[in-house]
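Structures follow.
In the two complexes that follow, chain A is the common piece, with chain B as its partner first and chain C second.
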Partner chain A sequence: MKICILGFGSVGQGVARVFSMKRDIIKQEYGLDLKLVAAADRSGAAIDPDGLDTDLLLNTKKDTGKISEYPKHGVKGISGMEVLDEVDYDCLIEVTPTNIEDAEPARSHILKAMKDGKNVVTSNKGPLALSFKELAHTAALNKVQFKYEASVGGAMPIINFAHETLSGCKIESIYGILNGTTNYILSRMAKEGSSYDQTLNEAQEMGIAETDPTQDVEGEDAACKVVILANSILNMDVTYDDVEVKGISQITPESITLAKKEGYLIKLIGEVSPDSLEVSPRLVKEGSPFAVEGTLNVATLKTDLADEVTVVGKGAGSVETASAILSDIISIWKMK
Partner chain B sequence: MKICILGFGSVGQGVARVFSMKRDIIKQEYGLDLKLVAAADRSGAAIDPDGLDTDLLLNTKKDTGKISEYPKHGVKGISGMEVLDEVDYDCLIEVTPTNIEDAEPARSHILKAMKDGKNVVTSNKGPLALSFKELAHTAALNKVQFKYEASVGGAMPIINFAHETLSGCKIESIYGILNGTTNYILSRMAKEGSSYDQTLNEAQEMGIAETDPTQDVEGEDAACKVVILANSILNMDVTYDDVEVKGISQITPESITLAKKEGYLIKLIGEVSPDSLEVSPRLVKEGSPFAVEGTLNVATLKTDLADEVTVVGKGAGSVETASAILSDIISIWKMK
Partner chain C sequence: MRLNLVLELLDVPGQLLDALNPIGRLGANIVAVIHQRDVKTERGTIPVQITIEGDKQTLNQVLKVLEDDGIQIMQVDGIVRKEKITTIMVGNIVDQDLKDTVNLLNKVEGVMVADLDLKISDNPEKSASRIMFEAELGRKKEAMAKIKEIGKQKGFLVINEV
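And now, the complex of A and B:
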């Protein structure tokens, strides 16, 4: 299977690293030969129909910051769309940064790949939150596969879990802690009694929160995931604007202490149900599966037959997220 | 797909109930037409190539205790093996009671079905714990599918979860609370400070523990599941005798109180790793995913790429367990 990666940040590099680690075992176990024929970042691309050397690719990115510096096969200034025209590939891995304003350039990349008859795997929340129906429709029309497990919860499996493992059940609603950064901040505030600003600073210093933390702390990231789950698992037809969103920046140490006294914790919860799409801080009981700490994500799926089923896993991380992308690729291979 | 059910206790009746509830929606969603052509219990069988009426079947069993009393198509005294020769079917659902002495009659039922070229779905731990390699080998040889999600954890998905959803990861070890009855007893003892015998009696009155509770409380049931997970997920080649087993009947209220003071709970934990196959009471931290109460099951899969992933779900229940069987059937249908 010839692979093209657009976007070479944390997730893209994770995919290259995972390819490097697992290529031999994947070939042996599934008969699937993974060949990375192109990878692109803002600087341009590295393109080699005979397959790029993933270790050399990772080192080039690390040393120069630019994938286009890849020896011999580097191409400066070429755009993602041009790369898709340039190379012969079977599956696009779209992992450019999430843009929740207009979902570009990811949306155009994905649509072009599908119209060209290529399968697509993505971790990019922008196009899924803003244009899900368009993408699902285009995939169906062009008879290609479209997988996006990594877009929600990183290494916490939920989308394929609902579609495949729970295929006998109807999923009626989903509740989850869908953002690791806010879970880290709230867990630390509860443990240390520290203020929101102080804890956010600490999280930023540790690289858990970004310099501009808005997407995480104001609930925007979790809201994107609510939309993706609503469309893909509950078969709804909604976009980002349909979600009621409230973040955690107004949470005081006092409210957390008060909750703790009563045996509760405050968590940022995403709710996905036919009646309500919402992200907001809520009380959860200590000792419940939702009391998980650190950057963990958790989701409970309420089903018609199996009652409640809960999954817990790492919400982020380069290799962790890449593992979900690899599972999607293997799933595409198996369904061939 | 023509279905034959052998065994019509709690799980078998759950399957019939689920067929009755979901037949139309399954046909609509997957194009899969489920037709129950035979069902058998100790009294005999009901056989109808045109499809049995699942509601009438359930009522017959409820009113008379005997499936062979099914109007017109009841057959008294016919054995499971004879039923498999009698009817034309595509998929056997083997849900006779678990026998961990010699795995019969389930083992013979399953082998016969496979040799006749039929797919098999089972929740029966006996043959899986005692003859896994033989069954897996026979399935491969005869090019039939063999699925057994319901054998471990009822409605807590773990086997297909590991094989499908986490296909990109290697599972290195598994820790879990794999028996709901003991989890219920230990949770109640921790909450009420009551003795083991008193709590067991209460659980028996509520129908959570059986009259002869040995399989559950002495860890035999959990040990069967350890074997199934070791063989099917960690690709080991082990049987029941390879598991070190210690149950919960020696746990005192004092030891539970002592653990609680230090922030711990006592749970019956199954460990599955290349170095150790064990079922024993262990300390788990309050606030960890393993602190779940009631009859819930939980399992943590340690992976090479996604770190730890945890699933929580109902370990038992007629319809809940049947939902796992239905997911297996759908999975067989999709892989056709």
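And now, the complex of A and C:
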């Protein structure tokens, strides 16, 4: 399978690393030959129809910060759209940064690939949260596969899990901790009794929270995931604006202390149900499935036949997220 | 037929009598009353177990009159009639007139404020209160939405249960 990666940040590099680690085993087990024919970042691209050397690609990015410096096959200044025109590939991996204003350039990349008859795997929440219907429709129209397991919960299986493993069940609602950064902050505040600002600083120093933490702490990232789950698992037709969003920046040590006295913890919970789409701080019982610590994500799916099923996993991380992308690629291969 | 009730009474004189009076008046028999004043709930109220006897219609009438009189019936024949709801509100709780907040909350149908705990912060905007409600069975979800609305009107961050 000839693969093209657009976006070479943490997730894109994770995919390259996973290819290096797993290429031989995947060839052996599934007869799938993963050939990375193009990878692009802001600087341009590296393109080789015979397949790029993923280790060399990672080193080039590490040493120079630019993928276009890749020996012999580097192309400076070429855009993502141009790469898609230039390169002969079977599957696009769209992992450019999430943009929740207008979903670009990811939305255009994905639509173009689909219209050209290519399968698409993405972890990008922007286009999924803003244009899900358009993308799903375009994929169906062009008879291509469209997979996005990595967009919700990183390594935590949920979308394919609901579609395939729980395929006989109707999913009635989903409640979950869908953002690792806020879970880390709230867990630390509960443990140390520290203030919100102090804990956010600590998280930023550790690289868990970003310099501009707005998307995480104000619940925007979790809200995107709520939209993706609502559309893809509960078959709703909703977009980002349909979600009621409240973040964690107003949470105080006092409120956490009061909650603890009654055996509760405060967590940022995403709720996906036909009557309510919401991201807000909620009280969860200590010892309940939601009482997970650190950057872990968790989701409980309420089903008609199996009652409640809960999944837990790492919600972020380069290789962890790439694991979900790899499983999407393998499942596309199996469906051929 | 017989009915086993668990009532929750305030620890003040005359409460038990007020609860028993309508039972006899309506023609039901009191078979047993277990009343231990030194056993209290976490809210400081006293649970009282009462077994009454009578025809179905009379017993239903008794339940209705007790409820109308504001007596908390916690269980009927072992079935819990009230659910607890815990909510935390963050904001300037004292400035926003605590009494008025409680009154508004008590006006929500099927809900009573049962306990309230305050933690005042150095920055009054960041004070927190934990409010425990008793809600009629099956009304929890609806009540939580209304509680949230009242908190929002007052400018509080409302943290409800999942």
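Keep this in mind: the second predicted complex is superposed on the first by the 336 of 336 C-alpha atoms of A that agree within 3 Å, B and C clash if a C-alpha of one lies under 4 Å from a C-alpha of the other, contacts with A are read in each partner's own complex, and residues count from 1 in each chain.
Here is the rule we use: a contact is a pair of C-beta atoms (placed from the backbone, for glycine too) under 8 Å apart; a residue touches a chain by one contact, two chains touch by 3 or more.
Since the structure is predicted, the reported quantities are computational estimates derived from the model, not experimental observations.
Placing chain B and chain C on a common chain A by superposition gives a fit, with no clash between them. Of the two partner chains placed around the shared chain by superposition, chain C is the only one that A:Leu258 touches, whereas chain B remains out of contact. Once chain A of one complex is fitted onto chain A of the other, the partner contacts of A:Val311 are limited to chain B, with no touch recorded for chain C. Seen from the CA centre of chain A, chain B and chain C lie at an angle of 70° in the overlaid model, rounded to the nearest 10.
Ranking chain B and chain C by residues of chain A touched puts B first. In the superposed model, A:Asp216 lies in contact with neither chain B nor chain C. In the superposition on chain A, A:Asp41 makes contact with neither chain B nor chain C. Residue contacts after overlaying the shared chain place A:Glu320 against chain B, while chain C stays out of touching range. Contacts of A:Val284 after superposition on the shared chain: chain C is touched, whereas chain B is not. After the two structures are overlaid on chain A, the closest C-alpha atoms of chain B and chain C sit 17 Å apart. In the superposition on chain A, no chain A position is in contact with chain B in one complex as well as with chain C in the other.
Interface residues of chain A facing chain C in the complex, by the touch rule stated above, are 175, 246, 250-252, 254-255, 257-259, 261-262, 264, 266, 269, 271, 280-284, 290. Put simply, chain C touches chain A in their complex at residues 86-88, 90, 117, 119-121, 126-130, 132, 157, 159-162. Interface residues of chain B facing chain A in the complex, by the touch rule stated above, are 18, 21-22, 25, 30, 149, 155-157, 160-161, 164-170, 286-287, 289, 291-293, 303, 305-314, 317, 319-320, 322-331, 334.
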